[in-house]
Every structure is written in C-alpha cells, then in structure tokens.
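Order as written gives the chain letters A, B and C; numbering starts at 1 within each chain.
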Amino acid sequence: MPTASVVKKSSRASQRFANRVGRRAPELIFGDLWAFDPAPESADPKLKPRYNLFINGKFVAPKGGKYFDSINPANERKLTEIALAGPADVDAAYAAARRAADGVWGKMPGRERAKYLYRIARLLQDRAREFAVAETLDGGKPIKESRDFDVPMAAAHFFYHAGWADKLEYVAPGRRVAPLGVVGQVIPWNFPLLMCAWKLAPALAMGNTVVLKPAETTSITALKLAEIFQDAGLPPGVVNFVTGAGDVGAAVLNNATPAKIAFTGSTEVGKIIMRSLAGSDKKMTMELGGKAANIIFDDAPLDQAVEGIVNGIFFNQGHVCCAGSRLLVQEGIAEKVLAKLKTRICSLRVGDPLDKNTDIGAINSREQLTKIRALVAAGVKEGCAMFQPQCVLPPKGFYFRPTVFSGVSMSSRVAREEIFGPVLSILTFRTVDEAIEKANNTSYGLSAGVWTDKGSRILKMSTELKAGVVWANTYNKFDPASPFGGYKESGFGREGGRQGLLDYCKLI
Amino acid sequence: MLVRSPQAALQRLFDEVGSVDQIGIDERVAKYGTRSIKKAAKVWGLRTAVTMVDLTTLEGKDTPGKVASLCQKALRPDDDVSIPPVAAVCVYPSMVRHARRALGNNSSVRIASVATAFPSGQAPLKTRLAEVKAAVADGADEIDMVINRGAFLAGEFGRVQDEIAAVVTACGTATLKVILEVSELETYDSIRAASFLAMRVIRPGDFIKTSTGKTSLNATLGNNQVMLEAIRDFYLDTGVAIAMKPAGGIRSAKQALTFLIAVKETLGDAWLNNTRYRFGASSLLNDLLRQLEKEKTGAYQAPYYFSEAAESY
Amino acid sequence: MVRLPITKTPKVYVGGAFIRSESARVFPLRDAAGEFFANIPQCTRKDLRNAVEAAAKAGPGWAKRTAYNRGQILYRLAEMIEARAGEMADAIALGGATPAAAAREVAAAVDRLIYYAGWTDKYEQVLGNVNPVAAPFFNFTVTEPMGIIGVITPDEAPLLALISLVAPAITSGNTVVALASTRQPYPAILLGEMLATSDLPGGVVNLLTGFRAEMIPTFATHTHLRAISAVVNAAERKALALGAAESIKRTIMLKAEEKRDWFATTAQSVDAIRDTLEYKTTWHPVGA
C-alpha cells in the first residue's frame, strides 16, 4: 500500500513541548518502508459447483428445481450455487427429522450420541483449513479469524457438548430431562459454521433432531458440515439443512412439527418471529441484536483496553451481535484513548480476506454495506467527528474502512442503532454511576465491557450492567463452556455451558 | 556528587505510567505471530535484522582470539558480500580493547560493552562508574548497563534513577543501553515503570534493553511489547525517541521477524533501523543468514555452511 | 338489639399502600350462597401502569437486599399468614371451599412460602457455576432477577396459586404485579394486608383485582414488564405472546386447560425461581 498513515500527538502537553523546542509535534509513521507481500492462504476449499439440500442424510435436489448464486463478497464473483428450498422441501426435512427423533436419535443412549458428536468434532478438526478457506470465501471474514477462531471454536462446541450427552442428569439439579423432539433453527451470516455448531451441538447432545436454515449468503460451510455428518455416519434425518432466504426461514419457523424454535439474528426479525409463533406453544430461544457498551475507566490498562476496543468492534468487520460498538470513556482520558486508538487503527490491514495478514476483510453483502454507509452518513450529518485510516481498499468487493466517531451523544443514531459493521461511537462519562446509566440506557442487553484496575469496581460494574455477558479487562471472548445470551431485547435463552442445554430439554 | 531525585516525586510512579494487563499483552503479541511474511518482504526483514544484531559473546572463557573472530564475523557475516555488517559486537569491558584492535577505528561495526558489574550489578556505584569509564576509554562506543533491581524492588526508585543518570554522565559520548533485567522485575507493570524511570534520564538515541541473557527468562514478545509501548508513549509525550534492544533468547530468524513486526506496528517505520532497534544475540545471526540463503537458492541450508556456527552436528 | 358489624372496604395493595382503582369502579363479590359480601376494586390498565411504576421504584432496593434478608422477610410473611390463618381460611371459604379445605390451602400456602424462604440463599449455588474456559480467564455464571414480573393467577386455589406464582419471582429479588383470581379475589385483598405487615418493602408485590379480559392486553403490551408468569387459556396465551414479541418479553405460561395440583410438591421448584432469572456470565483475565 503506497500510503502512510501518520499519527500526530495533538494534546496540549505535547504542543507545548513542540513549541518549546521549536519543532513539529512528535509523530509515528505507519508507512510502507516494510510492505508485506501478499500471503494468500492456498488450501483448497473443495467447493462443489452446486449444493443441494441435505435431507434425511442425503443431498437432494430441491423439488422446485431452483438454485441461487453464492457470491464471494471479496470480489463479487460467483462461488457456487445453492438449492432454493420450497415448502415441500421443508416439510420433507421435518418429516425426516420426526422419523429420526422417534425412531433412532431420541431413543439412543446418551453415550452413543456422544460418540457421533465426538466424531463430528474430530472430522471437522481434520478438515479445518479447508473449512476455514470456504468460510472466508463465502462470508468475507479474514482467513486468520476463520482459521484461528470460527473453525476451531465450532469443533470445540461439538467436543464440549458430546461429553454432556451421557451426563444429562446433571443439567437440572433435582430433575430428569428429556429431549423436546424436533427443533427448527435459523442462523445468521456472521459466523456461519460456528452458529451451526452453537445451535446443533446442544440440540443433538440432548437427543433432539434438527431442521436448520443457514443464511442465504453463507450456506456453504453448513453444507460442507453435512458431508462430515455423512462421513461420521450420523443417522439420516438427525440434521437436515434447507437453504434459501427469508421465506424458507418462515417455512422452517412456522411448520407445525418442531417443538422448539431457535433463532439468531436481528431483534427486528426476532420480533416478527415471536409474533408469528404467538399461540403456537412452541418453546423459543432468541439470540438477537446488541449495542454493547465498552467502558474504560481512567485507571484501566490503556493499551490493552485499546486492543480490547479494536477487538470489540473490528473483529469480523463488526458483524458481531455483541460488538462493543459504544465506547464509553471516562472524560479525563478520552483524548488519550482516542489518540491511542487512532495509532492502533493505522496498523490494521484491510483487504483480501484470504490474505493471512488481513485484519479486516470484506463486508458480508452489498446490502449490509449499503446499510453501514447509510448509518455512517447519518453519524456525519449529526455532527459526530469521524476518523478513518488512509488505507487503500480493493477495487472490487464490499469493503468499509474501520471508522471511529467521537463526540457522539446518547441520542445519536450511531449510538442507538445496531450498525453491524466496523463503526465505533465514542461517548464520555464522568462517574461510575453515569457509566452504568449510559451503558444500560438501551433496549438491548447482550454484552458489555469494563476496563479498570480496581477489583471491587469490576465486580460492581459486572453486577450493575444489564447484559448477559460482561467482559472485564477483555472483550469478545467465547467458549463452549461459557453461556452466551442476552437480557431485554437482545433475546432470551443461553447458548453454551450447562445453562445452554436447559433450552433444549423438557424437565420431567 | 550525586544529587538524589526526591523519592516522594516517584512514589506514585506506577500510577503515573499506568498499568499493564498481562493477558492483554500476551494476546496482542500472539497476533504478531500470525503475520505471514513472504518473498521480498521476508528478505527485507531478514537483512534489516542482520544490521540490527549486537553480536554478543559474554563468557568467562572469552579470549582476545575469540573476540577477534567475532569481530570478523560482525564485519562480514557471510561469504555473500552483499550481506551487510551487523550493528555492533557486544563484549565484556576487558575485551573492548581487543575488539577495537580487531575492528580498527573507522569500522561501521560499533563496540558495545556490558559495564556496571554485569550481570548482577551488585558492586558499589563507584566501582560500576569506574568500569564504565574504563570501557569507554578502551574504545567502547556503547555501554550496556544493568539497573539496580534490588533498589527498584525495594521501592527506591529515586536511587535507581540517580544511578542511571550517573552512568549517563560517565558514558560521555558513548551510547547507553539500560538493561532492566525483566525476569527479575517479573511483572509487566514493573517493566513499564522501570522503562519510564530510565527514559526520563537517558538521552535521545539511548536504549532500554530487556535482559542480560544471564537469567532463565530473557527477551519475550511480551516484555518487548511493554517496552515498545512505553517508548511510544514517552515519545508522543516528550518528542524524545528512545531506542530498544531485546536481548537473550532470540535465536531464530522467524522470532526476529516477529519482533520486527511488533516494532513496525507499535512504533512505525522510524524505528525499523539499527539506531532505534537492536537484537542482543549470538546464534541469531547465522539463522538469519541461513534463511537469506534459503530465500536466494530455494534450498534449506545445513548450519555448518556458515562460519562461527555453534552447532557442528 | 344486635350490633351491626363494621364491614371492611376491600382495597388493593399497590406500592405499599391500600388503594381503590383509579377508575373508581368496583364489582360486587358474593359468597357461595349468593349473598353480597363486598365491592372489589375493578382495576384497569392505569392501575396496572401505576403498579408497574411502584414495582420499578421498589425493584433495585429489593434486589440489593442480601439473600439472607430476603429469606427472613419471606419467612416473616409466612408468620403473618399463619397468625391470621383463620381469617384467611374464611376468605377462601367465601368461594365455596369447605372450612377444612380452606384451612388446608392456607397451610399449604404458608408451607410454600417457607419453601421459597429457604431457597433465597441457595438457588444461586445450584443454578450458577464457574465455567472452565480454554484460556487464561476466570469465568463465572451467576443469576440475576429479571425485573418486574407480571403474574396472572388462575381461579382455582386463589391463595395457594397466587403464592406459588409470586413467591419464586420475589425469592430472587424480582418485583411483581399480580392479577388475582377474578372469581375469588378476596384472599388477595387479605394477603395485601399481611404483606403490609411482613417487612416486605412496599412495591415489591403489588396485587390487583379485576377482570382478566380487561387487564390481559395491558399485561401483554407493557414493555416495562420483563416477563409474564401466568396460568392462561389458549386465547390469552396468544394475546400475551403477541404482546411479548414487541419487547422480547419472557413468557412462562401454564395452560389453564390442564388440571394441576397446586398442593403437590411438584408445584414448587428451583426451576420456578429460574424462570424469572437471567444468567450473566463474566470473564476476567487471570494474570499478574
């Protein structure tokens, strides 16, 4: 990249210094003295030219015979085509799931179900690099994230939940548990494979069978996972994948068969689903949007906080429901934190998701890019100060520079609406109480971050923040053993940990 | 006559310079390890690393002969004459004059010497200062001193700082490198505080350095990062550019490149040269040469193709 | 000449005070024999709104009480009911229960409170845990009360069902706005008086009387209610679920169509406490 980002120190202290010695304020140069050559990941993603539906253990053509293109958001080129499921296909998937639930999976001893899940985890580990490349091609996320996070974490979810399958009497103290039967699941495009694992692993460990619909822009790794199910010998019908857009999702959700619906996606769609399911007596788990506050106190370890801010908002291009999109900084250090943040952002590399050195990849779709642009324009119009580094974006594909708004007020749109992109809004606070008030002043409640060196304050903040996950002196950490899910309009139910299993069983 | 900094002024040193979260630093530096450096970028990084090496021998059995051959290696690391000389040789004070004889007076390779009762520093200040002066008089261009860790851990920050200031004076025109001996300071918080303590009394272009290489834990990406961030904060605050030298434990070219990525992403382009960054190492140089040869020929290289190799197997 | 007794004017217990409906409406309550007993406040959506305000005010303080203290207060409430057991049994008997059955229901309600009083400082140890994550972090999951819980009680077991729905919610520090049985509201009126003398802070439990059809739409759509715990029929379930969608409200709905034994030990559980809890997971690095 032939551009150099220069970070100037502009605080009054250094201005004074600069004036005193009669030279420019000190600056750091993040230029191209040592430019990195392209380092594309070369593993073969082994994509088929066309993917069919996965129903009853087999890949089957959709009854309507229609397919839609899956696009690489990094260059807008077609990757493959994906079957478009119709209502009859969804019915067939549910019929298969019903048969599997009643005939095999529900009756199978837990220790045997466990072995299938262990096998799936192992087979996924075997093909980790292939899956990582496929995920990156399909969704635009940097290869280092799909390689180091999405795929290993997906395998870990199967491995963790496998061990539960024969220990279910420990899930709810004093109670016995039973599977619900058939479960319908709809997942989003931000972590396609990982969300599959999050949803499938606990459901299967508990003895349920599943019909799952991946997001239409990111169906590939789910269908590759289906290949692993075949290799693992998973009984037909235990997991069925139907692909397509919102209407297919509606068919999955509104089918009479499932006893439970699990959805991850936006709060807006979550509300539509809840309305459509009203009166159905189906159990539900909703993992919805967020507008997390990441709170930095003046005694925080600042460089690590800055790293946490970067990790909080730029991880996966900010396509993360728990992204730390509202930065709350204590007034006295606001200028310092902003300066450090700018410095750090200048060394982020935006570009080809397949390049091993890319930190920020492609926005998942044109539609999402349009939405991000509109909200950023709103931020500019509202008078917030915007910072973006001087990086060159690839000519084709959907890209957006990491963006920081400072001088944001609580009523700004960029501070209230979920942007789901690499856009951070900085607000300030003065006292602990004010930080808590501002953090909780939202209809969301998925996650929050707090940075301080004072132990008792961490515990107080953790108690007061109305959020399902609190990251203290860290951010965006996940683990299959750690329950994840929201308060308020960020949804209900938990995924992961012992608590996550409760949402896939009935107590008897 | 030593003028003591008022101890009271330094009592809040740790609060002033801020804290460091250990896990956060470790996560940050783990990301450097995932950078993939290929082709021209790799060659540039390896060659730059060669120029940053302080080629070191610090053994009781060092002799004038050993030092002379080290100096030859420093001047001309490889048969390939396009390979640049290293930054400096680093020897005990008693060896400085032998190094000077071997290198001559106009060499681009500088002579660094570990004075101040290296590695423990446990000698009277007067003795330590005398050692510094003697090394400079014998021809040392650079002095690598150790800080008084005992005083630091006892909270006598003023004393630590005053001793550094005294060594600065004793150095005259010689460049100073202040060894914090990070393994004895133990925590990142202490490393950051000690970095600031030193930076406030040394001169632009002087170094802070991780370790003596004589303890169990030497330079790591983590403590390197803590010190780079301290240098960055100090620079942005005062305009004074301090240089950095990790030492000990950096043996492979891959490690060195990762350290350089940390420099590139923390301090930027202005620190990617040997006036601002050095590696204190002995076996690193040959691995850099091996990898450069591999980049040139495409074939992996046996260690004994390179002079002064430690491994003969 | 026989002395004419002074009859009590029934009032509902909201925000620690005894009030009439803001609408000034009442409905007549007759005993099993059809004799007029008293006029009961016919609460409306505005009374629900006010009750939610009262609950919101009381909530933070109640949630911050120590678990030990909440347990003592629940125990105290049981003491207050036990002490006036005869009066409460008469209130239940108004609906036609035999004196023995009514006395049995009061005893069961007292026992239920004792059961939950004992849980206040234990459920967390059963429901929460430390999570062994694969990284250098200390990670733990605790529970927290959701906030304001709307309770809609069935017509049967007017005291026991009400206690069985309210007690698990307040055990953890939630506050409650409950709609009493329409057919048998008087035990709830009386319970209000016992709550007032039980050390339970005003506003933690707010009891409304009135008509389900009139009240359920507001329970459904009030977005400050974080959950609804209700015994409801199919149409009511749908109405509550539709309303819940607008603010992603949690619903714990028992089917009114199904027969249920409120006296059985299965009608009490730590899971009922869990139903009105959120799980919160906290991460912190372990380093020096």
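In this section, contacts are C-beta pairs under 8 Å (C-beta built on N, C-alpha and C of every residue); 3 or more make two chains touch, one makes a residue touch a chain.
All values derive from a computational prediction rather than experimental measurement.
More C-beta pairs in contact connect the chains of A-C than those of the other pair, out of A-C and B-C. If each chain is reduced to the average of its C-alpha atoms, the one that sits nearest the average of all protein C-alpha atoms is A. In this assembly, the chain whose C-alpha centre lies farthest from subunit C is B. Averaging Cα coordinates per chain places subunit A and subunit B 42 Å apart. Taking the mean of the C-alpha atoms as each chain's centre, subunit A and subunit C sit 38 Å apart. Centroids built from CA atoms put subunit C at 70 Å from subunit B. Under the contact definition stated at the top, the residues of subunit A that touch 2 or more other chains are 473-474. For subunit B, the set of residues that touch two or more other chains comprises 21, 23-24. Shown for subunit C are the residues that touch two or more other chains, namely 137, 285.
Residue ranges of subunit B in contact with subunit A, taken from their complex: 15, 18-21, 23-25, 27-28, 34-42, 44-45, 48, 229, 232, 235-239, 241, 260, 264-270, 272. Those residues of subunit A that touch subunit C in the shared complex are 156, 172-175, 267, 270-275, 277-279, 281, 286, 288, 443, 458, 462-463, 467-474, 477, 479, 481-485, 487-492, 494, 497-499, 502, 507. Put simply, subunit C touches subunit A in their complex at residues 126, 129, 131-135, 137, 139, 141, 144, 146, 226, 234, 237-238, 241-242, 244-248, 250, 255, 269-271, 274, 278-285.
Those residues of subunit A that touch subunit B in the complex are listed here as 4, 7, 9, 13-14, 17-18, 21, 23, 25-26, 28-31, 33-39, 144, 148, 299-305, 307-308, 339, 343, 347, 356-357, 453, 473-474. Listing the residues of subunit C that touch subunit B in their complex gives 136-137, 285-288.
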